[in-house]
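In structure tokens below, several structures.
One chain, subunit A, appears in both complexes that follow, with subunit B as partner in the first and subunit C in the second.
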Partner chain A sequence: MKMNKRFGLKVASVGLSALILAGCSSAPSTSGSSGSGGESSDGDGYKIGVIEVQLNDESTNRATWFNDYIAPKYNCEFMFSETCSDLDSCMTFIENAAMAGCDAIINYYAVGSDTEALVQLCAEYGMVYTENGGRNAANEAVFTSNYENFAGNFQADQPATGKLFYDYLEESLDTSVEHGFIVLTGNAYQGNAQQTEISSNMLSALQDLYGLTYESTIADLVASSAPIEATNDKGIEIYCYPGAYSTSGWLEGFSAALQTGKYDYSLQAYNCLSNTATAIEEVESALNKDITVIGFGSFGEALTTAMNSTDMFGNQSVSMSTVKFTSLVSAMAFSKVYNCLTGNRDACLDENGEPSVLLFQMEAVTSPEQLAEMSSWDTTDKWVADYDFVDSLLADRTEGLTSAQAQENIYAMNYDAIKARLG
Partner chain B sequence: MKSNAKDFALRLVKTVAVPLVIWLVMEIIVRSATGMGVINSTADIRTLFRNLISSLAFALGISTNLNCGRMDLSMGAQMYAGVIFGGNIALTLGLGGVGVLILSMAVGALCGLLTGFIFIKLRILPMVLGLGMTLVFECICFAINKQQGVTLYGQPGVEILSNITFIIGAVVVIVAVTYYLFQLSRYGFRYRAIQGSQKLASDAGINIYTNCVASYVIAGILVACAGVFITVYSGTLAPVLGMSSNSYVFSNMFPMVLGAWIGTLCNNREFGVLMGSVGVNLIILGLSKLGTSSSVQNVIIYTLFLIFIVYNTNKGKIAYFRARRARAAEASAYLARKKQAAAAQ
Partner chain C sequence: MSAASGMAIQKQSPKLTLADRIDIIKNKRFFPLAFPLAMLAVLVVLFAVLTGGQFLQGSVVKNIFNQSFIVGTMATAVAFIYSTGNIDFSVGNVMGLACVFGALAYEVTESMPVMIAVTLVGGIALMMCNCTLCIACHIKPAMVAIVAMSIYSALCTVLVGADPIRVDYQASKALEGGFRYGTFILYFLVCLILYHRTAIGRKLRFIGGNETCAVQTGINTTKAQIIAFVFAGVGVGLAGVYQTIRTTSVAQTVGSGMGMDVMLATVLGGMSIFGGTKSNVYAGLIGAITVTVLNTGLLMLGVSSTMIQGVRGVIFLLLVFLNSERQKTLPSRQQF
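Right after this comes the complex of A and B.
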């Protein structure tokens, strides 16, 4: 009997292990995977390492675009990291990528102060480097030091992203009615450029719309690591609440602030639509108060659910959000490293001969229909960045291409142009 | 009979007094600083109870193994595995909130079973095994569902998990079931014998290995249950790597330790942990009302935890010094009286 029990336990454990392993193997995963080199090879074969900062809908979409769409056409192979959230993990991945024979690195983990160390490390291994970030005081030296392997950066046009929120507030906010605003500044206090820009634009929009003057500067309000009231001469209730939802006590603090009853607008500079939804719904229900949500987002289940659900007042859970097309951003990254690898580094330099920063513009989305339309675009059969577009960013396929022209081509790929092409 | 009732009432008052005092202190601080109380609306009550059930279940899960000398650091990862696997399966099958809870607990139980089985077979140090299993479970969670974890926000039928009546019912069930398991069941008698002395228990014929595996299974169920309520509030549970899941183990140590101490006042560990969880969550809610940043909240909570640990560890010494001082005072008084008597003569 004892023997049987023991045997049963063993069988259960082995069975569980097998079940879990089976679950893992059947699941598609981007981590550590690599795309196979091409059917048609009209170029030298290159292997490119991609450092991912988080793994979500966007990174999965990116891996599909690189592996299934780009790899065969441009005879490239891609190798993806797992989540890299600090300099050490990025360096470890770069070393592994070098051992695996990578020729270039595309880095989505962008911290300006770490850029030079990563560029130098890539230089040691003879790899080209580009990252998803801008040019700022922390990484200025990399742009001026003439690193031959540095292809420059690519990022969202942050002022333009912030302006989307500014414009929406300008259009939709009725200043004749009393409103209060809680601004989720996210990691702006840590120097996150996107969240800083969006938060600043939101506060600027309120300043202009109400004609108010803050007691502190907008830069100080956004850079605060502790919750802070944006006290102003018009007495409008504005509260800047920094941090991330995953931090202990953050959601409770957010809920507590809403429960003061002072705020009926939640302006979110950081992507946390699905994480704040329950707290907002509960406060709406407890105070019988409609709270309007305007926030940064990205294509995926969270935004789709938020856009398609309504609150107890029958309003859309999220009034406005932003989206970006993954393939468009990926094409910018690819063009940077590919141009360098094919000996066309000049196409990655600005008019001063320094590595350029390519910018893309996000789009605003305000209705489920618009979201559904845009979501359907950047998928396997309908990539926003198709071969024609990618070719328009590659110097060996577009004669005399300069960085400025590449930038023009990217800006030309806007909502109207995409809609005209993909419907 | 009368003295029994009086004794019970006294113990009950002592037990409830701890969270009550905490609430009173926080209420005074919060009211004087903001003009509002710690609990102002139904949203606060929901937040309190939802956090209460998650910290209660997690703290009970930690204490299940810790009381027998096994510090299982993989419980945070077991929680992730339970909720991500169980939640996704339940959502795929359209089982709603109750299905998510039950299947998550079932997967949590399997994770506990696997960990416990490896422990008794390989006899690796529990903490070392916990670290290893953490990495394994985290990687497994990471590999499935395109690294998306589980999203409960907006899913049909999941709203029941935010229903206050359901949450209170779940709290009652957890306390009642764990009380039965640890205090009244055959497993509980053996568990407490092992807790006293593993060797003596084994010599007395208790199968300490079966009991150990059962403890891991119970802990797995409890942490998965906690994870479901954590996920309901934050909307999603994204997989983590690099032992980040351990943060849940450490953040629930305070309610567990405070609860264990309260449990000694009422001779009921489960009720003690419940009161400990209420106390700690009242502090967190109060600090949130004060508008403190998350980092400041953590500093305050962990400082209080440290102070409590220092007190709890040294309470014997404090009692000893108090007794010694009383004896010294008694001796001084005696000498003074003797001197006085001598002077009078």
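Right after this comes the complex of A and C.
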């Protein structure tokens, strides 16, 4: 046993050394640095910390774009966090990033009303800060308090995203046939703006299409933290089911609701397509009932599988979803911090002199062919946000750039424009 | 004849192998403290060398302490419970709910002293709830913890709602200096003395080592359990105060998952979560600092986040491996 322990010790020591060496040597390849990648670099060298909320296809794609495409061209280095799921972990990463010499923080974890605390923390270390989020009553103070290190935020155009779902339901729903709807409102009850907009638009679409009146307001239904029947005067079965799949018992509750046989539409305001797929398939099989799935999604294996598979009735497993181009969103975030770091903070301010929020529009996808086409665009060899586009958001490369002009440039990068360039 | 050969055997000087010598060192009383500290020192020196001395800058050291405070305080607190051979991993949720109580009190009174008092009392009261369930219903603390985690988490969600409860930033930052260091040192010293220099600590360790024997020697295990939970409650409440003044807001997810961090810190610090005679009250703090040193050091070296998880995992395994006794018999509380 002693021999075993000593042997184990040696193996562990060798393994540890190898890992540390691998980790250290991997740094230049995972964190972009000046001159690598064969691109000529220009601009001052900056180190930027990126707070990731989850590790998935999107975050991997984002890291590739930042490290392999942006870093060499703009002479920047990027440092990525582990998964940060609360304010404390964000603060810890910011502190560690400061120790590691970062000049700015891009935060993909929307902390909402705690934005100010992170801006203040970054200010203590002299770092610029931007966040994937909007401007609302909870974080209004950070926009009006003139923090020199706050570059403003970036996020999806939430009403436009919600409208995609409204429009699709309007186009595809046959109201002459009896339907029941389960609406997965996600974290809307916690104030998640995107999930609130999508849930609200879904309920509004049903209201308008059936000409019904809810007993409660749509705002109340969406904000409910407990499952609630959206009782209405037309007797349409609509069930709002909040929460996330990571919550204990959530999936079981969703499955139980479907097993009542009342619902044949699953309207999902947050990205849980792969998590609900099995439950839906089981109920379809058990009740011999076709369930149509419309839900928020993102590029990746989950959506590709869902779009390319059919249920027992021969229909697409997911009828409609939404996607965004990772590099487009990343370009917005990068432009925010880069403009501040290069002394062009004015380009991050709106007409009132307050930090602006840059918006991007998501795209609807309804077929596997369309998904395949769009998936092929935002990849290593042909990024949606190429150097020309990134330059159009940077004040030191686009003379007289304002935030409004940057916003126009972002909106111009839509499906048609991308198809014309990359299609 | 046989007597002569027996004499000959006794005259032979004992030959100790390296493994025997290591075993002797490991059985020394100082070893449980010295080993984790030595490992921590090795890591600090390693990172200091690899970062060209940057790792020893004042701001980095301060940063490491700041990040270790909360888990370190909680780990110090739960040492009282772990010593008795019981596990309570609901401490993260207890801290979270205590934070919510404190933040709500601040919302009403806008007084930091009130926030601190309510958080502290909340921590103690909630730990006493756990204790009461254990004693009154004769349920193991681990089982109570499972239920308590769900209840406290649900209460946090209901009480906080969509938006976190804010606490004044400037007032919070003012408390991060002297107040935080002072209260922590005071609490830690009190725990150290109580645990290692009074009958309270000895009884708790005795119960963890062999509860039946402890009962037969006249130790009141119920009373000891209450004492353990009260001291744990004070520490958890204090950690709640530190959490609130660090983040200056309390969200509904506060403290969730922290119970596991506390357990990890305790094990890394060289203490068995199954208690026993070798338990100590400082293991959690050392473990918490070790975790933070690793995270900060690896990031400063430019190790990518995905690699950090792997490197950290291997180092944790190695530390636990080196600091643990392999079982020669069936598991008991005295062994890992």
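What we mean here is this: the second predicted complex is superposed on the first by the 384 of 423 C-alpha atoms of A that agree within 3 Å, B and C clash if a C-alpha of one lies under 4 Å from a C-alpha of the other, contacts with A are read in each partner's own complex, and residues count from 1 in each chain.
Throughout what follows, a residue touches a chain if its C-beta (ideal position, glycine included) is under 8 Å from a C-beta of that chain, and two chains touch if they have at least 3 such contacts.
A quick note: this is a predicted structure, and the numbers were derived from the prediction, not measured.
Of the two partner chains placed by the overlay, neither subunit B nor subunit C lies in contact with A:Asn146. Contacts of A:Glu116 after superposition: subunit C is touched, whereas subunit B is not reached. Of the two partner chains placed around the shared chain by superposition, subunit B and subunit C are both touched by A:Glu82.
With both structures placed on the common chain, the touch criterion links A:Ala100 to subunit C but leaves subunit B unconnected. After overlaying the two complexes on the shared chain, residue contacts for A:Ser225 are found with subunit B and with subunit C alike. In the superposition on chain A, A:Ala302 makes contact with subunit B only, while subunit C stays out of contact range.
Of the two partner chains, subunit B is the only one touched by A:Ser255; subunit C is not. Common to the subunit B and subunit C interfaces on subunit A are residues 5, 9, 12-13, 16, 20, 23-24, 27-28, 30-31, 55, 82, 225, 248. On the subunit A side of its complex with subunit C, the touching residues are 1-2, 5-6, 8-9, 12-13, 15-16, 19-20, 22-24, 26-28, 30-31, 52, 55, 79-82, 85-88, 91-92, 95-100, 112-114, 116-117, 120, 138, 189-191, 223, 225, 248. The touching residues of subunit A, counted against subunit B in their complex, run 5, 9-10, 12-13, 16-17, 20, 23-24, 27-31, 55-57, 59-60, 82-83, 225-227, 242-243, 245-253, 255-260, 274-279, 282-283, 285-287, 301-302, 305-306, 308-309. For subunit B in complex with subunit A, the touching residues are 34, 36, 40-44, 46-47, 51, 85, 110, 113-114, 117-118, 140, 142-148, 151, 153-154, 162, 210, 213, 232-236, 238, 241, 247, 251, 284-285, 287-289, 291-298, 301.
Those residues of subunit C that touch subunit A in the complex are listed here as 17, 19, 50, 54, 59-60, 63, 66-67, 70, 150, 157-158, 162-164, 166, 169, 243, 246-249, 251-254, 256, 295-296, 298-311, 314-315, 317-318, 321-322, 326, 328.
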